[in-house]
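Below, subunit A partners subunit B and then partners subunit C, in two separate complexes.
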Partner chain A sequence: MIELIQEFFRQLAADYPRWNFIFFYEERQFDKVAEGLWVTVQLSVFCIFFSVLVGVVGAWMQGSPSRLLRMIVQGYIQFFRNTPPLVQLLFFYFALGQFTPTHSPDGWLEVPIISNVGWAVISLSLFAGAFNVEIFRAGIEAVPESTREASDSLGFTRLQTYGYIVLPLALRICLPSLNNNLVNLVKTTTQAFAIAVPEMLYQSVTIWNDYPSAQNPMMLVLFVVYILLVGVVVMSMNRWERAMKIPGYGT
Partner chain B sequence: MQKVLSAAILSAITLTSVSAYSAQCTNETWNRVMERGKVVVGVKADYKPWGYRNESGELVGMEIDMAKDVAATMGVELELVPVQSSNRMQFLEQGKIDMMIATMSDRKDRREIVGIVQPNYYTSGTNVMAPKALALKEWTDLSGKPVCGKQGAFYNKIVEERYDADIVAFTGNAEAKQALRDKKCIAWVYDDSSIMADLASGNWDDFEMPMQTEDDNPWGLAVPKDELNCVFGKFMSGMQYNWHQSGALIELEKKWGIQATSYLEKQNQRFGDWLAE
Partner chain C sequence: MPDTAWTPDQPIVSLKDVHKSFGELEVLRGVSIDVMKGEVICIIGPSGSGKSTLIRCINGLNDIQSGSITVEGLEVHDPKLDKLALRRKVGMVFQQYNLFPHKTALENIMMAPLKVLKEPKEEVAARARRLLAKVRLDGKEDSYPGELSGGQQQRVAIARSLAMNPDVMLFDEVTAALDPETVKEVLVTIKELAGDGMTCILVTHEMGFAREIADHIYFTDRGVIVEHGPPATFFKEAKDPRTKEFLSQIL
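Then we have the complex of A and B:
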């Protein structure tokens, strides 16, 4: 069966020189695609997790009575929301990367403790996190003041009110816009290409540089991969939204 | 009846032969260049001294001088468009440029996409720039180590597969070289001629080019694939032949301070005018 598929694509490449699906019949190229996909999935999962975490904590800090804390969050949002993610990636990796501690396996090489993949996760999480803070803030502001006062009067602390009352309600309201932002985040992971993170786009470009005949097929693969990846994100978010639905609330 | 039939067959034959001929050579790009009086040439902007920006931001270099000569010979104006290794063939295919002189190695699979014109005007091999401190000697020293490279270079794959190096490919030369300076990789794999130029610039005093140059590969300038065997392609063949014969390329090499390659010397002798003194 596998030989049959390989033979088919080998023949296709011979007949149509622009449609060389090389990864279907050459193991090394297949490994590149698989590796790229795996890195993209990991990158997406880590970035989604950390950016949501940043959003939740940031939104809580925004409601803090401390003016300093609020200003820090505001500054963070302005910086990360208003600058291009590509510039952030390059800045983090090349500029900040010089100040991280390094270890040296051979006396010359300075391997930083934060790799390019690490910087991609940090930078993209902070980028998407800035949007998430605003998204969560919108949700929190939609929770009626009276609800908050009620929990206050029941003796809940600020953290407890946030954790048990406000956030669960706010989350339901902001899920659709959170969904949007996370979809964007998954697509933005391709920009890690610029700092040589071996994700899906990097591997695809490498393949089509080595085999110009494979450019169209690799672009096709990129489209399919991202449609599927984003599809998975959207589907699980929708399912989550449905599972959390409170009848009569927010409709 | 017979007459009519033979006339029909004859006309069919002439028609097909005419259409086959015209399908082969529309000279579309060539005619367009002539009509608008301007040729658009794709060149490098980050490959000193073949194509780079000088201090006032103009594109200059050995290949830019060649492009100027092409435009002057055609009697048209010249527009230079900076291209990258990873997009140069696509630019030519899509008609964003009429031709390219962009430090491109002449490879079999590239000939399927663009019209690479013979005879090749230059050649270079693969080598690495590495810190003197590491004292690398053999290509096998790269095994399992991170080596910086640039997306779009054909030898990335070769070095990866032959010597098991761990290629970290950046989109531009500047990023890759910065990564080498930041000690993120033990070497920077690139064309030997470009590395020599870098080393001669005085900005890389702690670095050297320690390996035996490998995979010496001729460079090719390219016209659209359909016009390789038409006016444009044959005209460029003539340009290159003349550059070799007159020694113009050797002169340019000197002008731009490039270490003399034996390839140009050999081509100069090979194409030399047998009656010349």
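Then we have the complex of A and C:
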């Protein structure tokens, strides 16, 4: 069966030189695609997790009585929202990367503590996190002050009120905008290409640099992969939204 | 030092010459009220006269500019006050119920004892069920607030406050948002509570109810207490023209 498929694509490449699906019949190229996909999935999962964390913590800090704290969060949002993510990525990797300490796992080579993948996760999480702070804040502001007062008068601390009452309600309100931002984030992970993170786009480009005849097929693969990935994100978010629906509440 | 020295022969709630402004607007202009343990007092007066503000100052939801408020000897507006100690003593029920919409009736009642008082779950659950039965809502344990009528929600809110075992209950126009036919069920619940010896401070527009339940009635207008007395004399022998006018409009 596998041989049949390989034979088919080998023949296709011979008949139509611009449609060389090389990864279907050459194991090394297939491994590259598989690794790229795996790195992209990991990158997306870590960035989603950390950017949501940044959003939750940032939105909490924005409601803090401390003016300094609020100003720091505001400055963070302005910087990461108003500058291009690609420039941020390059800045983190090339500018900040110089100053990070190195270590030597094998005793010979000095490698930086934070790898290019690490910088990609940090940079992209902070980028998407800036939007998440704003998204969560909008959700939090939609929770009525009176609900907070009720929780206050039952003796909940500010943190408890946030964790048990405000956040769960805010999350339900802001899920659609969060959904959008996370979809954007998954797509933005392709920019890690610029600092040689071996993700999907990077691997595809190396393949078509080696085999120009594979360029069209690789582009096709890229589109399909991202449509599927984004589809998974959207579907999980929708399922989550349904699971969190409160009987008799809202629309 | 009034702090630890409170004994039941002293007022459980005591307001002395309380002044409260929102910016330029002076809402309370020297209010003094003493409430003894087990007493039920009703505060009546035209809309905007500062009744809600008054009652919210008692559990520290609003701060005050001058004067003093004590609850069981606790100085409510002492910056060093242990807020939790105050909140355990004072329960509050709001006009708009303010239940947590993402929690069932039972969870609404259980939440504060679990998270704030950190009591064991079985004990809290048993108490919550007892309280639901007390407000005649047995069978509604698993209903969400959105699935309950206004009157039912308000009774859950009362049970939720009672679950903290408060010594004083504050009610701010708790029937004002209800359909006429459900007003009664809430009033019955409050009456039973008062019958059990709970100290109650109520803001209400239900004059018949106030007359029946109150030990003492206070009439406020524009931030001062114009007149007060036990219901028997208050309704018959109101002296101040403002009181007379208000009563003639509402009765």
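Keep this in mind: the second predicted complex is superposed on the first by the 244 of 251 C-alpha atoms of A that agree within 3 Å, B and C clash if a C-alpha of one lies under 4 Å from a C-alpha of the other, contacts with A are read in each partner's own complex, and residues count from 1 in each chain.
Everything that follows uses one rule, which is that a residue touches a chain if its C-beta (ideal position, glycine included) is under 8 Å from a C-beta of that chain, and two chains touch if they have at least 3 such contacts.
Treat the numbers as computed from the prediction; the structure is a model and nothing was measured.
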Subunit B and subunit C placed together on subunit A: clash or fit? fit
Touched partner set for A:E149, first subunit B, second subunit C, both or neither = second
In degrees, rounded to a multiple of 10, the angle subunit B-subunit A-subunit C between CA centres equals 160
Looking at A:M71 after the superposition, I want to know if it touches subunit B, subunit C, both of them or none. Which is it: first, second, both, neither?
neither
Touching A:L220 in the superposition: subunit B (first), subunit C (second), both, neither?
neither
Go through the superposed model and pick first if A:M235 touches only subunit B, second if only subunit C, both, or neither. neither
Review point. Given the touch rule stated above, what does A:Y202 touch, subunit B (first), subunit C (second), both, or neither?
Key: first
- Task: Would you sort A:P112 into first (subunit B), second (subunit C), both or neither based on which partner it touches?
- Result: first
Q) Touching A:P212 in the superposition: subunit B (first), subunit C (second), both, neither? A) first
Across subunit A, the partner (subunit B or subunit C) reaching more residues is B
* Could you look at A:P168 and tell me whether it touches subunit B, subunit C, both or neither (first, second, both, neither)? => second
Next item on the list: Return first, second, both or neither, reflecting whether A:Q160 touches subunit B, subunit C, both chains, or no partner chain.
Entry: second
Superposed, subunit B and subunit C have a smallest C-alpha gap in Å of 50
Counting only contacts in the complex, subunit A reaches subunit B at residues 17, 28, 90, 94, 97-98, 102, 106-112, 116, 193-196, 202, 205-206, 209-213, 215
Subunit B residues touching subunit A in their complex are 85-86, 89-90, 109-110, 112-113, 131, 133-134, 145-146, 151-154, 156-157, 161, 168-171, 175, 178-179, 182-186
As the complex stands, subunit A meets subunit C at residues 144, 146-147, 149-156, 160, 164-165, 168-169, 172, 246-249
Note: in the complex, subunit C contacts subunit A through residues 59, 61, 83-84, 87-88, 90-92, 94, 96, 98-102, 111-112, 115-117, 143-148, 157, 160-161, 164
